[in-house]
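My questions all concern the structure below.
Should a chain be cited, it is by its letter among A, B, C, D, E and F, assigned in written order, with residues numbered from 1 in that chain.
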Amino acid sequence: MKYISEFHEGDRLRDIYLCKNVTSAMTKNGKPYLNIILQDKTGTVDAKVWDPTDPGIDDFEKLDYVEITGEVTSFNGALQVNAKRVRKATEGEYSQGDYLPVSPRDNDEMYAEVLEVVKSIQNPYYHRLMEMLFVEDKEFIAKFRQSSAAKAVHHGYIGGLMEHTLSVTHLCQYFCKAYPILKYDLLITAAMCHDIAKTKELSAFPENDYTDEGQLLGHIVMGAQMVAQLAAQIDGFPPILLQELQHCILAHHGKYEYGSPKLPALVEAIALNFADDTDAKMEIFRELLEKNPGNYGWLGFNKMLDSNVHATMGDLQ
Amino acid sequence: MKYISEFHEGDRLRDIYLCKNVTSAMTKNGKPYLNIILQDKTGTVDAKVWDPTDPGIDDFEKLDYVEITGEVTSFNGALQVNAKRVRKATEGEYSQGDYLPVSPRDNDEMYAEVLEVVKSIQNPYYHRLMEMLFVEDKEFIAKFRQSSAAKAVHHGYIGGLMEHTLSVTHLCQYFCKAYPILKYDLLITAAMCHDIAKTKELSAFPENDYTDEGQLLGHIVMGAQMVAQLAAQIDGFPPILLQELQHCILAHHGKYEYGSPKLPALVEAIALNFADDTDAKMEIFRELLEKNPGNYGWLGFNKMLDSNVHATMGDLQ
Amino acid sequence: MKYISEFHEGDRLRDIYLCKNVTSAMTKNGKPYLNIILQDKTGTVDAKVWDPTDPGIDDFEKLDYVEITGEVTSFNGALQVNAKRVRKATEGEYSQGDYLPVSPRDNDEMYAEVLEVVKSIQNPYYHRLMEMLFVEDKEFIAKFRQSSAAKAVHHGYIGGLMEHTLSVTHLCQYFCKAYPILKYDLLITAAMCHDIAKTKELSAFPENDYTDEGQLLGHIVMGAQMVAQLAAQIDGFPPILLQELQHCILAHHGKYEYGSPKLPALVEAIALNFADDTDAKMEIFRELLEKNPGNYGWLGFNKMLDSNVHATMGDLQ
Amino acid sequence: MKYISEFHEGDRLRDIYLCKNVTSAMTKNGKPYLNIILQDKTGTVDAKVWDPTDPGIDDFEKLDYVEITGEVTSFNGALQVNAKRVRKATEGEYSQGDYLPVSPRDNDEMYAEVLEVVKSIQNPYYHRLMEMLFVEDKEFIAKFRQSSAAKAVHHGYIGGLMEHTLSVTHLCQYFCKAYPILKYDLLITAAMCHDIAKTKELSAFPENDYTDEGQLLGHIVMGAQMVAQLAAQIDGFPPILLQELQHCILAHHGKYEYGSPKLPALVEAIALNFADDTDAKMEIFRELLEKNPGNYGWLGFNKMLDSNVHATMGDLQ
Amino acid sequence: MKYISEFHEGDRLRDIYLCKNVTSAMTKNGKPYLNIILQDKTGTVDAKVWDPTDPGIDDFEKLDYVEITGEVTSFNGALQVNAKRVRKATEGEYSQGDYLPVSPRDNDEMYAEVLEVVKSIQNPYYHRLMEMLFVEDKEFIAKFRQSSAAKAVHHGYIGGLMEHTLSVTHLCQYFCKAYPILKYDLLITAAMCHDIAKTKELSAFPENDYTDEGQLLGHIVMGAQMVAQLAAQIDGFPPILLQELQHCILAHHGKYEYGSPKLPALVEAIALNFADDTDAKMEIFRELLEKNPGNYGWLGFNKMLDSNVHATMGDLQ
Amino acid sequence: MKYISEFHEGDRLRDIYLCKNVTSAMTKNGKPYLNIILQDKTGTVDAKVWDPTDPGIDDFEKLDYVEITGEVTSFNGALQVNAKRVRKATEGEYSQGDYLPVSPRDNDEMYAEVLEVVKSIQNPYYHRLMEMLFVEDKEFIAKFRQSSAAKAVHHGYIGGLMEHTLSVTHLCQYFCKAYPILKYDLLITAAMCHDIAKTKELSAFPENDYTDEGQLLGHIVMGAQMVAQLAAQIDGFPPILLQELQHCILAHHGKYEYGSPKLPALVEAIALNFADDTDAKMEIFRELLEKNPGNYGWLGFNKMLDSNVHATMGDLQ
């Protein structure tokens, strides 16, 4: 397929793209037309359908995949597609990975790691809770494997939630070796569950945006509720085990101003907060460098890192 | 009965007091004795049992009601009770209200107001949720009627939670009249439920202290979970109704730094935050004036009000 | 009259509009012309006078009401009025309410409520002070009835100051019933006077902008000075009554960072701060909903409410 | 006279001291006695009158000067005066300077400098205002010459207000030379008037404590009102001149959190804030060094300077 | 020469300008051309070279001085130079002062003052350190005399660093007279050295931008290192003298959030912080007024002054 | 030896203790005596020498090791040693580890790890710098192996600096594996050097207190200077390598308010900040649990962790 980043004025197109948005408008002369934003994994481009009533123009909606037949033109210095025909594509004709950002790590491989972690939990109650969620709940697993870890900030791609969850968990496993005061079962269960409600706070790709529930309640409180609902289905789940797990989830942002309703009171909650924060910041920096290939200088102010940041030069100079 | 505030050196006692605390200790000579703190609604006093093995000394524990026979003495300038006999009292011999702080409002009268408020809710789902909690759940109702609204800050007495809840609710009812954009059913349900988890965050009187669950999770998150559990038992409860109710509870402290994981996003959440804050501050000031009767001058810095405060003089000077 | 929101290209005009601004300019060819912004209550539009020396063009200034004869054209995608004749209108030819935002409440009815409140004050000194200001000072009364409560934030329309003042006062009257520690005469006098200097801090409509005095001193300090000047004219006004009233005015923003030079020290000052803040926030939300009719979703981040805000959906979904 | 700092156990006394406080108390045996705190410029000491009804004990009150006849004893490791006779001294028998802290600078010399500054103002309105206050208002002048600049923080002694005012003014005079954009008449008038309301915010020595008016209104707002009252008595005083002067006074603390209701908007207000802050901090440090003579090391954390502070060692080591 | 601020459409040019930037671009037709920004002390203007391969177009780079032959045209309402010939100028053909902002004070005169200050230091170690830097180190002196005191904020012109340094030093000299607790040699040496590393933190004019070293280390730490390196070359330099000097440099921004790693602990460090801050703010205001000549009203919000600011009107109204 | 924690009234002593402090005082009767604080690793106790001129009393000073012959008595409820003879002990008679807190890790084993880390650095300049410091500089190595990592907060014992340094370095080594964007040589060199100036900021044990230099400059700036001095001795050390290493040291506290003059701009600086912070917090919690053995409940508010903290209960309940 021809990727959007490679379009030139004058190109003729016949390929499938994701319709990121579509709105109807009116020319100065009162003629209706369609404004479309097409997307693939390399970028987006504006497209126009000047004759929406033409029989070659299928009915289609925002977030449909559509085959566009047309020509690349230039308007006010920017490229624009003049779409002569628009056909709604059917599943199977296209591969989501060509249109949406995807984790660099293999999805099946990551899920196999998830299962390994579940197995490593010895406390029967935490182990059972993890099994119910990560091994048995097919609907959750499907969402968990597809979700991003954020709308935009970091790991904002398919598989990003699982990748971030594993990275945080592995760091917590290192912590358990380095600091024997940490209780492995609590910390690792909490690490695996800390962001599970991101599957509800954000809608699925390609939308990947905040849901109403997400905005009103937030993934921190929703995550604590999810583990409570699981524990309620396990006979004899000791309340203190649930409370300590919920506490780690509630406190994982570390500070009130980041939306945690409780400050970390358990040493495992402190460790989880560090692991989560470290992994997020490392990934933010990685994505920043990825967007500035070959750069060995100042990358400007980054809001999430709250600093002017710089690609390390080492002895290249 | 002889109240602690009226003790004088030399008084002989034979009355029932609440044993706020009891610990065993050793004299310099190696003789064991008991340190006791006795409490009634007028204050506390130290007591000693110098001969704990005496047959006149019953077994008793912290928070038991005990009949003390002994004498009031003075040590290092403070009064102290020398207890010769200690008998554990049985329920019925004493009235809790003589030993613990109690709301100035009549408990039955307040509960009747609670039932009135429940009746006023027209939305069938919110109405049913309120009924299940405030009319049918006998265990909850008993706790709700006895709880304080706080360990110490304001309404820290038996019935204080119900008194504060009603006062906030009545203020919200006024708001609904003054500001028609407010939805009565949501705001009033939220006002009634905003502090329900105080019944779990604090243990019952006479202890009235933070529970482990309360410290780890907090009444804000626990309250949101309680209404979710109720809604789960009501057929067809619309998710958005639950989410908006939970949001109001989560946001009722108004700011992250006060432990709310979400800032008020709904106008009802804003109104509830104002009502809660206003009622708390007015009560804090009332209790401050009550402790400084006849004072028309500076009351010093008050941490909760974050200001040097002053009793209004008006034209008395 | 033809409202600006209803203009279409090609319309011919002959109607009176408010001249929001007028500046002279030069074409590339060196010909002088006039840039005008016309306003009515539905919006604003650019207008041009291409021949300012034409005898049909009256002398006029910013904030004059002018009768425009001309045609609606289009330039760079926006509508523009080509004014052939401009006549300065005289008072009586137009009604201010067609050109400027006005309170939804009836002005006379509100002023009648003001008089009721004045009557309700029993302390003779506060009563007299209120009378001098709200009953006898015709110049002040005229301004008070016309002023907005703010340049833009809330109640930013004719009559807004009186509407806000009454709403705050009524809420304080409710507080007095709910919290008997509050002194009615002090609180209600302070509520009525808390924003009186808005009449000086902001210029009159149609300008409604900060005056130099307002910027240098602010309505908080100016308001405290105004009541001091009134009290100075009342025989035997007890100093403490004046100081407590001034304190409530000085402290009504509640925090240093909002420009109050004193934190609320009196319980009435605390109550006034809550009433003022509550009323402002409710009105901000009302105006926000008014601008987004039919919206049941996220309204975006609102700076004054310091939160992402949301129209309540209730069971509409 | 025998100074308190030189008392030893066994000394016999007959000298006049300031009675800083006096309260009546009861011995364990029920006998009334008097607790007194005596003060002179070198410190304070407790005194007791064990037989208050003795004819040798005059009636006297807090802040009276009293002649004490008695003996220095020791109690719990501290010195204590056993007062056998107490006679109320009359004015003329004692010199205030022996009992209260006094500025190191000569009072008359400082006042002469004040008059010099007044003369240097050329703008007739500011000049007249200064004259009315610093030359003609005998009551104000008397207070201004006696007041401290603060209860405790800095310049907390007789003459401290005048000393601080002059020091700030002289620094502003230097600023005017170094920075020609500064308007001399405005800045110097503001510098002279910035703390004039300290004469009302604090009571006179020996009390030197916050008045009710001071607590409710503060010297910043009161100072702005004082210059307004003066300007009102001067024919044709241009409003803008008054507003700019008031602005400088209102903004002289520089930040909202230090109680200024307006941030410095004029360059003179910025300069005045720096001059005031610099002089206060230099004096705080001077008093700190004075209390730690010969110290060349860490002086500990100082709250006003918000830092751990250190006496400069230079090359002494 | 013809200054950029005086260009008019149609002017023919043949003059030398600073090439602030040059980039190559491509027309829609695929023809290469050059985008140039020309600068002199009166402003900047865009220029185009439509035929870069023409033999009349020299090779040149950003920050070269170039003689432009061409014509002033107009494009989209802005002036633009159509450059027919571009010749790289040689040193001596132009005077830097015509192209770059320069201090209003004479450079030689300022340097003479620097030498005066050096002479006034009596402590032999501080005196020698100053001599090595300000009298003997030709490379440093050359940079110090040319540097700005900042990229943009204040004194952002050639000679600005020396001007600011002297102004701060003179203010410190006044402080020494007014506050005898200050040690002259330490304070004045610190004042002279506080910003010496600006010569490394910023590159030389015409670039005047942050260097990598400046961004990574900052002038505060670099300045402390510079004086340490000097002291290391002076026999017997007492460590405490070096540490106190370094402390004053490290603490001269006064607060952690302004990048000082130590809060001012010595009275000289406090004084230096005030002098630096005062001089910066006065200069910021001066430059603001200079950009708004004749303005007697609000100048808008200024980020560095953190306030809405206003030109003083005095009695002009 | 008899440890202080095991003293009982009446014990007779003849053992060596560390003299933590000694001051001379005077009894009420004017007789001189000595106040001593004795210390061993189990605690401290007051001791008195009532007859300092007795020939059995050697001359000794603060921080000497002394053999005490005497008796344990009781005064005001606390134990006190009545010392009859005091002999200054000589090195070899006592083992420092009995008197001072020591790292739980073996010192030689840790130093072997240090050497391993040095070997792992491949960049020749960083490798050489590490060698000069950790392999060749005997004086530094001796201090580095003995120093604490802090006066009190965490790792406040002999060997604590090396233990903390290694723990941070190992965590950074894990980071390098998990996040390939990190440059090993820079990060590990910075991790090893981040706290090297603690050897100068704190005096050696047994004093272990802030030095003047430490208070005036701080270990952050001093550490950056130390690596600069090392690099200056290595031929051809690339400036950028030094600047990036210095930057990591300067930024390792992560925020201005924690005394870092630069915010982390390099990804290695961010990683180092996380590693340092994580290790410190884990150790603070470990020491807290160690002081509360067997505790499974609330440990109270901890200032360094800025939270109420709790020992994890797990399923013990």
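Just so it is clear, a contact is a pair of C-beta atoms (placed from the backbone, for glycine too) under 8 Å apart; a residue touches a chain by one contact, two chains touch by 3 or more.
Keep in mind that this is a model prediction, so the values were computed, not measured.
Participant: Quick check on the contact network: minimum steps from subunit D to subunit E?
Facilitator: Each step joins two touching chains, and the minimum needed here is 1.
Participant: Strictly by the touch rule at the top, which chains does subunit B share as contacts with subunit E?
Facilitator: For subunit B paired with subunit E, the chains in contact with each are A, C, D, F, in label order.
Participant: Does B-C or A-B have more contacting C-beta pairs?
Facilitator: Higher C-beta contact count between the two pairs: B-C.
Participant: Which chain has its C-alpha centre farthest away from the C-alpha centre of subunit E?
Facilitator: B
Participant: Compared with subunit F, which chain's mean CA position is the farthest off?
Facilitator: C
Participant: Counting in whole Å, what is the centre-to-centre distance of subunit A and subunit C, each centre being its mean C-alpha position?
Facilitator: Using C-alpha averages as centres, the distance is 46 Å.
Participant: Could you say which residues in subunit C touch two or more other chains, in rising order?
Facilitator: Counting only residues that touch two or more other chains, subunit C contributes 212, 215-216, 240, 244, 265-266, 308, 310, 313.
Participant: Would you mind giving me the full set of chain pairs in touch?
Facilitator: A-B, A-C, A-E, A-F, B-C, B-D, B-F, C-D, C-E, D-E, D-F, E-F
Participant: Over in the complex, which subunit C residues touch subunit D? Could you list them?
Facilitator: Counting only subunit C, the residues touching subunit D are 212-213, 215-218, 220-221, 224-225, 228, 239-240, 243-244, 246-247, 250, 256-262, 265-266.
Participant: In the complex formed with subunit A, which residues of subunit C make contact?
Facilitator: 297-298, 308, 310, 313
Participant: So in the complex, the part of subunit B that touches subunit C is made up of which residues?
Facilitator: 123, 125, 167, 170-171, 174-175, 178-179, 181-183, 185-186, 238, 240-241, 244, 263-268, 270-271, 274, 277-278, 281-282, 285-286, 289, 305-310, 312-315, 317
Participant: What part of subunit C is in contact with subunit E in the complex they form?
Facilitator: 28, 212, 215-216
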